[in-house]
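Note that subunit A is present in both complexes that follow, paired respectively with subunit B and with subunit C.
Presenting the complex of A and B:
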């Protein structure tokens, strides 16, 4: 609950689905939007600052981490991070070799970038939905959406880049053959040129559109479900110690992000101790459940378990969607390289 | 406004139905093919996951839109 106590579930959800927008408001001039209405008034030339910063930041993180591994690469047995990077690179290399048959040095690195970058962006979905927005709310940032791939601008932007590359390589490799493909393809007769052109154009435009929308839809639905489960925390803050939670007892209606941070840190510590083998798994589960029940009440405990369950399922989704985006990009570029 | 709930229900239900049929066919064929030629198993499994992701996308987008309709467009209807 980002800073203030949302009056209702709807407001909470809408607050979470609002980007941090910077643009030129017709009345207030340049600045950050303070409400969804203001963001809409800014029109087309407004920037989603959070999406930009998070996606560019994650992209730089990917570059830096892989650069570090590449500098340390040697012919011996790899360990640690280097091993991980080699696995990813080999995996992408195999996937590209399977589906790309042209000659182009750029496709495999492109596929690697797309896969790891989208994976990192999707991975932000697994952070607790309120953690970073509520932390930033303490510093006065009103809106924050930390998963760039739940912003259609980001996914469709990437799809647009893929589309431009498809067109570029189609012309470069096929030349006039590409025009012929567009105009003579299903029905090979001059009288059918308009029909052919219409059908092929629709088919061509559908590719980047479905590519971007698929990623966006998946991540948006996933984020939505995380947010909906998170509303249970709000629903639980009622009366009583265990049923309503220590938080409601201490602060009443006022929400304090620090309190949730302490609970989160406690649960994380317990899980960390379990990873190091200091305490048994049974004790870990019991302790975390106890912390969560004291902190947020029984509703919050249920919510926490559901968050965890959905997060586990979501690991599959985020990897799969990154993989699909990558494979389809490679397949589309491969189609652009097929010379008849 | 009650119609919004019906719309969401149809969206969720038909999406799940279609995806379930698709997934069933996909999994069944995978097992069939792997039983015939076990050495192709890993390759087929990779392709199966790719197609499973493609099938998965449509209903999950439906779920997203349905959740938006239920909780944001028409909150508190019938509650």
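Presenting the complex of A and C:
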């Protein structure tokens, strides 16, 4: 946890934005980077272990869950998980049929994979920013970014894969027509070929980059706001309005993570009791606010409310971004399939 | 924020997941859904057809009932006609029989009359001769007068 001075707040934010990097450091050889500088020194031949593991994990989760539904798929009345999967599949199928008019068996599964996978990766954004990194920090993992889609490597990697498919299908379907499209548009005259080529190439390259950077930008900004709101907890922890003195008495300058877990568990218990109908909603709100105020003072209380508000809004953003990435991919592939 | 190998790692992972989804997930689910759609459409079709069949059968049954009623009415009509015909025939027959019996009776009566007449004729001569014998007081030469009396009797 960062203290109240600006330097450590900056440190806290930068720490949260640093991936766990494994690579070949020019001086220390192969290993995990222990600072942002070391990570930067590793250059291209390094890998973001956290991004890769989380994205592979979430992708596998998607595959396994959908495979389970596919195994159980039958022509009778669908129930439970199969019903949910079929709703998603039908939604994707409808979206693909709306915007893709070529004949390609790969586009619909591609769209499904993109939508669900990106949605799951974005969903990690809704987990409290400190929860998993602090837990992993206890086991000695220094850096951890749990939202793979806030890593430009991940989003651009997917966008580049889409780009390769665009190029492949453009050549496959249009053949020479693709070259003509690049050289003879928008000015249909041989003298304009260099100008056309330049403009079309820029337009072509803009597609994957906008695709990848849009997702990255949205998720990065969302994550950033979560982190910024989280710094309010940190500030509150040091200077709790109500119980700052108590903190100092108990933990000194550094608040233990255990304390936060106790507060977290208390708030969860209150919410759980409310869900079971044991206590009224009004009491739930009052008790949660009281726990937050005791835990971190008014700053933390405000921070908690803001986290909650931003998370609710972010549900919309993560779904929308996954959907936009999918639709644009389908549209780009559809353009690659259109023979003029 | 560094661009590094993660980029290619992600591309490969992405390609693998898309392949997996395309191979094992999508076709299975979409096939099941399409099969179900077809099943439901078939079911609805069958229901429609059954409804139409029912209507047809009902129409047919009504038609047949109507036909049967008509037929029955025809049969009754015919029977009535036949009955009156039989009655008429019987009447005619009875009348004819009666006539025949009457004629036969008349003929018999005629015959009886004739026979009586014959008998009368046969006996009248004898009686007349006997009467005449009595009147005349002596015997009449039977042979001489027989022809005379027979002649008389024939005129009866």
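We adopt the following convention: the second predicted complex is superposed on the first by the 319 of 340 C-alpha atoms of A that agree within 3 Å, B and C clash if a C-alpha of one lies under 4 Å from a C-alpha of the other, contacts with A are read in each partner's own complex, and residues count from 1 in each chain.
In this section, contacts are C-beta pairs under 8 Å (C-beta built on N, C-alpha and C of every residue); 3 or more make two chains touch, one makes a residue touch a chain.
Everything quoted here is computed from the prediction, not taken from an experiment.
In the superposition on chain A, contact is made by A:225 with subunit B only, not with subunit C. Judged by the number of subunit A residues each one touches, C leads among subunit B and subunit C. By the touch criterion stated above, A:217 is placed in contact with subunit B alone, subunit C being left untouched. In the superposition on chain A, contact is made by A:153 with subunit C only, not with subunit B.
Residue contacts after overlaying the shared chain place A:335 against neither subunit B nor subunit C. Of the two partner chains, subunit B is the only one that A:327 touches; subunit C does not reach it.
Contact with subunit B, but none with subunit C, is seen for A:13 once the two complexes are overlaid on the shared chain. Contacts of A:317 after superposition: subunit B is touched, whereas subunit C is not reached. Touched by subunit B in one complex and by subunit C in the other are residues 17 of subunit A. Subunit A meets subunit C in the complex at residues 17, 21, 23, 39-40, 42-48, 51-52, 55-56, 59, 62-63, 66-67, 69-71, 73-76, 78, 85-86, 89-90, 93, 105-106, 108-110, 112-113, 117, 151-154, 156-158, 160-161, 164. By the touch criterion given at the top, residues 8-10, 13-14, 17, 213-214, 217-218, 220-222, 224-225, 228, 317, 320-321, 323-324, 327 of subunit A touch subunit B in their complex.
Every residue of subunit C that touches subunit A in the complex is listed here, in rising order: 1-11, 13-15, 17-18, 20-22, 24-26, 28-33, 35-36, 39.
Touching subunit A in their complex are the following residues of subunit B: 49-50, 52-54, 56-57, 60-61, 63-64, 67-68, 71-72, 75-76.
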